[in-house]
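Have a look at the structure below, then the notes.
Chain IDs A, B, C, D, E and F follow the sequence of writing; residue 1 opens each chain.
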Amino acid sequence: MPFITVQIAKGHSVEKKRQLVKALTETLIETLGAKPEWITIHIDEFERENWSVGGQLHIDKHSGRHKEKGI
Amino acid sequence: MPFITVQIAKGHSVEKKRQLVKALTETLIETLGAKPEWITIHIDEFERENWSVGGQLHIDKHSGRHKEKGI
Amino acid sequence: MPFITVQIAKGHSVEKKRQLVKALTETLIETLGAKPEWITIHIDEFERENWSVGGQLHIDKHSGRHKEKGI
Amino acid sequence: MPFITVQIAKGHSVEKKRQLVKALTETLIETLGAKPEWITIHIDEFERENWSVGGQLHIDKHSGRHKEKGI
Amino acid sequence: MPFITVQIAKGHSVEKKRQLVKALTETLIETLGAKPEWITIHIDEFERENWSVGGQLHIDKHSGRHKEKGI
Amino acid sequence: MPFITVQIAKGHSVEKKRQLVKALTETLIETLGAKPEWITIHIDEFERENWSVGGQLHIDKHSGRHKEKGI
């Protein structure tokens, strides 16, 4: 039954997504005791021009901590 | 006022979407007595590499019931 | 796979919800050819003080079309 | 902490989005007293063939109030 | 058409919500040129035990910047 | 930046939620290399009368696999 939505910036490879859903599913099994087949995950990718923190679009961030790790 | 979000895999034709929103709207009118102009529907399509059930990306499913009907 | 979210105001009976998810599921089966066991529906109820159209909270609407049908 | 999702039709320029997130962030600071760095905004764009009001896809609306202002 | 979801912690008064939706609606009118009656806002309140930043539930934060402004 | 929404049935203890967000955050750090302070998680709990699989409300399921593990 758990339904997970992961909002991340576009640009991750299929292999990275593969690892992500596998790891998240295992985490939910271990933590909640959920059965694997009941765990659905939706990776909801956003463009950097569609995400803002502190009133600034992601594509406009040129320095500072926002840039440190481009997730 | 009802706001409906339908998350389905990419690849349905416009004609299919046309039928879908028409049918869902009628269902909401009949069931809830909602007025048509208050019913908003958002079709939120996902790529198969962004959806996982049981820890496996949709694009990696080659057999089994997950494949039976590609919705 | 279809995942449906229905946002409606609080106050519908369990029987009404029962009819709603049954009817919506049938609509999705007929329209998309989806298999029943793959259709998940989430009824996401909101309080009228948490919904606004035209800049006015639902609880503040005393007349007009917004009031006509309290869905 | 406030997390804002803005669902609008595709087609707004980056400059328009820039103004939008700046203005929304300022509104949240003024109204809730939120700190800017805690305000995240997601612009979730939809295709007009994926949005319906009154059982009709947006791309099928040729007249009437729905057409007046194409937001 | 714009549909706005505002996720904030529980505990704001109705008067505060009234100001919030009014101000947000005006911001959208000014920025996007949207017509008021097409702007829907959903305030989606969360319990502090259901929100986490940095792996820590909100209710467990006793100090630091997370506590500074309890939005 | 990753924003995670976890939809689960009501009824988990605070301690269980504490473990859940900690484990999910660590999974995201390991898998995506995300910085902890950028990872926000929202636990979105639903009532069993508001969730349906296969056209049947959760509260109406008395047997079968849906009942096996009440997550």
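Everything below uses one rule, namely that a residue touches a chain if its C-beta (ideal position, glycine included) is under 8 Å from a C-beta of that chain, and two chains touch if they have at least 3 such contacts.
The structure presented is a predicted model; accordingly, all values stated were derived computationally and were not measured.
Note on connectivity: the fewest steps through touching chains from chain C to chain D is 2. Chain pairs D-F and B-C differ in how many C-beta pairs they share in contact, with the greater number at B-C.
The chain with its C-alpha centre at the largest distance from the centre of chain C is A. Where the sister copies chain A and chain B meet, the same residue numbers recur on both sides for under half of the interface positions.
When the contact pairs of C-E are set against those of D-F, D-E or B-D, over half line up by residue number only for B-D.
At the far end from chain F, in terms of centres built from Cα atoms, lies D.
Per-chain Cα centroids separate chain E from chain F by 22 Å. Rounded to whole angstrom, the centroid-to-centroid distance between chain A and chain C, based on C-alpha atoms, equals 28 Å. Within chain C, the positions touching two or more other chains are listed as 3, 7, 24, 40, 42, 51, 53. Those chain pairs judged to touch are A-B, A-C, A-D, A-F, B-C, B-D, B-E, C-E, C-F, D-E, D-F, E-F. On chain F, the positions that touch chain E within their shared complex are 14, 17-18, 21-22, 24-26, 36-37, 39-45. Chain contact summary for the complex, chain B toward chain E: residues 3, 40, 42. Residues 1-9, 12, 16, 19-20, 23-24, 27-28, 30-35, 38, 51, 53, 58, 68-69, 71 of chain A are the ones touching chain F in the complex. The part of chain B that touches chain A in the complex is made up of residues 7, 46, 49-57, 59-60.
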